[in-house]
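Chain lettering (A, B, C and D) follows the sequence in which the chains are written, and residue indices restart at 1 in each chain.
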Amino acid sequence: MSEASPAKAYALHLGAIALLFVLSFLLPEYYHGVLARIMVLAVFAMGYNMLFGYVGLLSLGHAMFFGAGLYGAGLAVIQLGWSVPAAFGAGLGCGAVLSLIIGLLALRTTGVAFMIVTMMFAQVFYLAILYFAAWTGGDQGMVVPQPARVLSFGATSLDLTNPTVRYICALSLFSLVLLITLAIVRSRYGRVLVAIRENEERTKMLGYDTFSNKLAAVVVSGTICAASGAAYALLFGYVGSSFASVQYSILPLLWVLLGGAATTLGPLIGTLFMYYVIDVTSGYTSAYLLIVGIALILLVLFFPKGILGSIRQRWLGWLP
Amino acid sequence: MHFGPHLLLATLEGLVTSAVLALTALGLSLVFGVMRVVNVAHGEFFMLGAVLAWAITSAIGGHPALGFLAALVIAPLIVGAVAVVAERLVLRRLNYNPEATIVATIGMLYIIQQLALTFYGPEARPVEPPFSYRILLPWFGYSGYKLSIIAASAVLLIATWLVLTRTKIGLIMRATQYDSETAQAFGISVGRVYGGVFALGAMLAAIAAVLIVPISQAHYLMGQDPLLLSFIVVIIGGLGSLRGTVVAAVLIGLSDGIISMFFSPTLAKIIATLLVAMVLVFRPQGLFGTASR
Amino acid sequence: MTPLLTTKGLSRNFGGLRAVDSVDFTLMPGEIRAVIGPNGAGKTTFVSLVSGRIRPSSGAILFDGADITGLPAYVRVRQGIAYTFQITSVFANLSAYDNVALPVQRTLSDGRSKGAVRAGVMSALERTGLAGRAHMPAGQLSYGHQRLLEVAMGLALKPRLLILDEPTQGLADSEIDNFVELVRDIAKSATVLLIEHNMPVVMHLADRITVFNAGRILAEGAPEAIRNDAAVQDAYLGTAP
Amino acid sequence: MTDKNGFFDLSKTTLTRRNALKGLAAGAGLAMAPGFVRYSQAQSSAPIKIGFQSHRTGIGAAYGRWYEKTTAAAIKAINAAGGINGRQVEVIIEDDGTDPGRGAEVVGKFATQHKTDIVFGTLFSHVVIGSAPAAGEAKMPYFVVSEGHHVASTKLNRYVFQPGITDVKSQIQSMAPWIAANAGKKVTQIFPDFAFGYDHRDYLPPALKAQGAEVIAQIAIPPTESSFTKYFPQIPAETEVIYHVMVGPAVLTFVKELGEFYGSNRPQLFGFIDSLEATDINSPGLEFLDGSHFWEGSPRYAQPDDSAAQKAYRAAVGIDDNGAAVGDPKDVSTAAHMFGCWETLYVVKKAMEDAGYKGPEDRAKLVEATEALKEFAEGPEHPQGPKTFNGKIHQCFGIQNISKVEGGKLKVVHKTKIEDGLYEAEGDYTTQAL
């Protein structure tokens, strides 16, 4: 947060992006595919972190923003036959509009009421997907047809179902959002957001319109989550209501807490960690939820600031 | 069916829902009111109560009422014990920090759910009602047991209310809720009160589950809906307000029954959820609560 | 000359209690005004009404001739009413630098250059003697330094009216002397409204003194006059321990 | 309480990865024995790997367990008879949590980490639809046992097949003649308010109309509902048949409340057994179903006229005459659907043999060989009955059973013909590129 070591922070983030790029050539096929998916989901977590980590607003309804991107992009392709970039834009637009509306309403509440209100709006969104099954495919969801998932630039076209293309697309989105997050966090606006988290009343008395600042944060957060959802629909070809269910509102919270709230790279680390905990333990026992549950409890007991948060606290104070 | 009888039926159904909801939500409300802990695992305590009721009734056999009564006593005790252990091992060490306890109770949710799946299984299993008397109305038949749930719940709610307002335990709990530091200064063991409240909250959920399980089977995923509804009831009713919780439960239960008369059910749920959300947005302190935080 | 701040019939009820009871108050530009009174007299409620942290039950507030009664707190801050809290409420997890940067970055008219923020922050920190501790988390500063940081944040807002709510509470005597100097310095560029219990400080600093009791203005005048006012003595002696 | 989910069974089942590895090691030991086989055979005798996408957790867990049991039995039988193309078959199980997102990840894991030859076994529609893109992109043949209409709708892709169980559209269509002729002409439908229910909502009315009967009311109930009485007043008084499909754990409540509502004076009841799979028909509260009728894919209870193949199949899977696990009468199977796992695996065996399948490089050939299949004769490989297969829409069509609840058992009273369930193809997968 402070003025110190901007160079170090940027170097670290560019290094992380470079590492992910190099990994695309080195990783075995399976991990290559997994990492592409994780990068997309990590964007979801980064969007969540924007609001939860930096502004301190705990939402239990972010699945609706992911869902807005997912369905906005998916329906644009399936029902309207839009091209991939246009559909991605539609997904972002849906997320931005929805988050603006939700922000205007939900930000009238605070604390536990904010949690519950966001959860209820997300539930309405989820039920609406089921209700309009004729367009959305209801609980079964829909497949985005493989031939439509092509990114064309004039004569050349990129097949988004190709693993390498998909990895690069996922990495591009991830990098972009990571750098945006870093820029916001280091900006004056980021400083205001943290001030609101620390003491909203005091921030008001410094002349800040905290409502507008929080609203902007909800929109940024919701739009980032929608970007993740839109990318998920276009890169992985499935649009389904389970992604808008309560479970997918809790997941980004867990990823962020695991990786470290209010750390820029924490969401990626948390998503990665959680994926592999499930992937590995489910190979040994069908009772992997037990292990996830125990892991969560141990985490809050012994590493309440998450992986990166604990590292920052103990060793690397300059981590953004 | 004509409108009148239809409305009567919807009201009866709504009241059964309300009765169970009031008990479950009261448990959640107590825990939140006194401890300021949002217990996401509350629905799993509910589920655990139902699953244990199945286990106890099938172990005892004989007349269904025998097993049921045993379950009504034993299941809440076991669930309460589980809650005490969870409180000691986890929540207390977290110092009841609001955010940390949310994550921890999500962890508990996963653990309890998985243990139920592992040891109880994925099937829905029925428990026989203690008696099966069908009340024959001119237009339709209705389960006598369902009506008894409403009565049982009312009795339990009144009992809880008496304990909270007329006994020393209740006084201690209210004192702790009002100001835990001062309570400590007056020699109240806040830790013990918290343990007791957490157990009591879980036990209320378990009792509600034992009551409902003869009409809706035990299943390892049954905890989610009561959890969401209880949250809504607690918030609408105003945090920590017993009367508000009960009134909100009746309101939500009845509206659930009656709105479904007029709209397609999914649409009815959308409308009901949206309405409740709007109440929260424009009256964050709940319908009956004083300022909440 | 237009008064900087005027209140007309300003009242605020908490339940049945009238914490502030139809107060008519006027403050001229450039003044250092002290507000004194026994505990529970309504001083903090009064300045909270002025700063916009709480809404009045009735009455009006005029700032520089304009009615600001309906404006939210943050707008009043932007118009030049700064408030420093009675209970220290700096951002404990942020560095002292960031604490001051928050008000500075908002008041900058050019708003763009990083150098401007830096210069603004450092000048406010230097005025309060905290420049050497710029990168310490505010929560790790000593209590006296936190009070000074609070003032630095108020200063950085470039206020026309600076409200200081019991600024010397909990400070050591040596710190108090520096503090008095600081307030005099501030008063060159801003009007100061000071709630204070420490009588020597009040007598030393204030141009005029307003005495509150039971939500009303009991007396108002120059320090000497107040010192000799029988009613004031009654109020104080009646409640003093 | 017994261990129903197989958590501690893990070491006992023959299907876990660890045991498969043990088997591999033993095989390798044999291969190295002097003079036993030449090394070139080591490659071709490596087992064929089938990735089993199983619902071990989540809402589908009750089915997942029985799908695993049936699959284990079929693989045991296939391996005992010499495997496929002379190679043993190994099954690798991954849990998809009955979640489409995880389902797609699991298909990816099979394709790129386990490098299985095919993926198999998914039941729940949303998981199938969620996983299909991953299968198509990996060019991984994906054999589902879901009974959904999604495969035959040709909205998925060329790599997805459903050759072991008739789809729900066909099932519904073939029920209509019997309902109209035997149960009644005025039908009220009660179905869950999600996709599985919509198939019934959309396909039954035209099918009944063709038989001179009609649907007079359709009542959709949200899948999360746990109490149903409040919907019953919407059932018109002139209803002759209540056609009910209630998937989910709340079905017992549904039946019990229907009983309380109507008492003995009820309309005819016709339902899909999906609701009561893995549930004892003699559970308290289900007495009300006595005398009502159900669709069954494969009969749960042993019938007097069971073929030898059916008897052998039941013995192999380990279910008794009441359709419960041998030795545990309370552990009721999902008999109406799980036969599909058995039959699908035999279709895979046949197609692999037709294609001369050697390894993943032959997957396209396997797809074409499967599409070339026309019919499956009743027998040990297809104990449920004969089937035809439409290679253009990747869907099989078989006979259906209508069973009556009588004396606490389900007794088959009617078997439909394959022709009853045939419909116009909605598309053609074979035109898609491989």
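Keep this in mind: contacts are C-beta pairs under 8 Å (C-beta built on N, C-alpha and C of every residue); 3 or more make two chains touch, one makes a residue touch a chain.
All of these numbers come straight from a predicted model, not from anything done at the bench.
Graph distance from chain B to chain C, where chains that touch are one step apart, equals 2.
For chain C, the chain with the farthest CA centroid is D. Central chain assignment: A. Criterion: smallest distance from chain C-alpha mean to the mean of all protein C-alpha atoms. Chain pairs A-D and A-C differ in how many C-beta pairs they share in contact, with the greater number at A-D.
If each chain is reduced to the centroid of its CA atoms, chain B and chain D end up 37 Å from each other. Taking each chain's centre as the average of its CA atoms, chain C and chain D sit 75 Å apart. For this pair, chain A with chain C, the centres built from the Cα atoms lie 43 Å apart.
Of all residues in chain B, those that touch two or more other chains are 114, 117-118, 264, 266, 269. For chain D, residues that reach two or more other chains under the stated contact definition are 5, 7, 57, 193, 222. Annotation for chain A: residues touching 2 or more other chains are 130, 287-289.
Taken as a graph of touching chains, this assembly fits none of the simple shapes: it is neither a line, a ring, a star nor a complete graph. Pairwise chain contacts present here: A-B, A-C, A-D, B-D [touch as defined]. The touching residues of chain C, when paired with chain A in their complex, are 51, 53, 72-74, 77-78, 82-83, 85, 89-95, 97-98, 101-103, 105-107, 117-118, 135, 153, 157. Those residues of chain D whose C-beta lies close enough to touch chain A in the complex are 5-7, 10, 17, 56-57, 94-95, 99-101, 104-105, 108-109, 112-113, 125-126, 129-134, 136-137, 148, 150, 155-157, 193-195, 198, 222-223.
The touching residues of chain D, when paired with chain B in their complex, are 1-5, 7, 57, 59, 61-62, 64-65, 193, 220-222, 224-227, 229-234, 237, 249-253, 256-257, 260-263, 278-279, 283-285. Contacts from chain B toward chain A in the complex involve residues 32, 38, 90, 93-94, 97-100, 102-104, 106-111, 113-115, 117-118, 224, 228, 231-232, 235, 239, 264, 266-267, 269-270, 273-274, 276-278, 280-282, 284, 292-293. Those residues of chain A that touch chain B in the complex are listed here as 58, 105-106, 108-113, 115-117, 119-121, 123-124, 127-128, 130-131, 246, 250, 253-254, 257, 287-290, 292-297, 299-301, 304.
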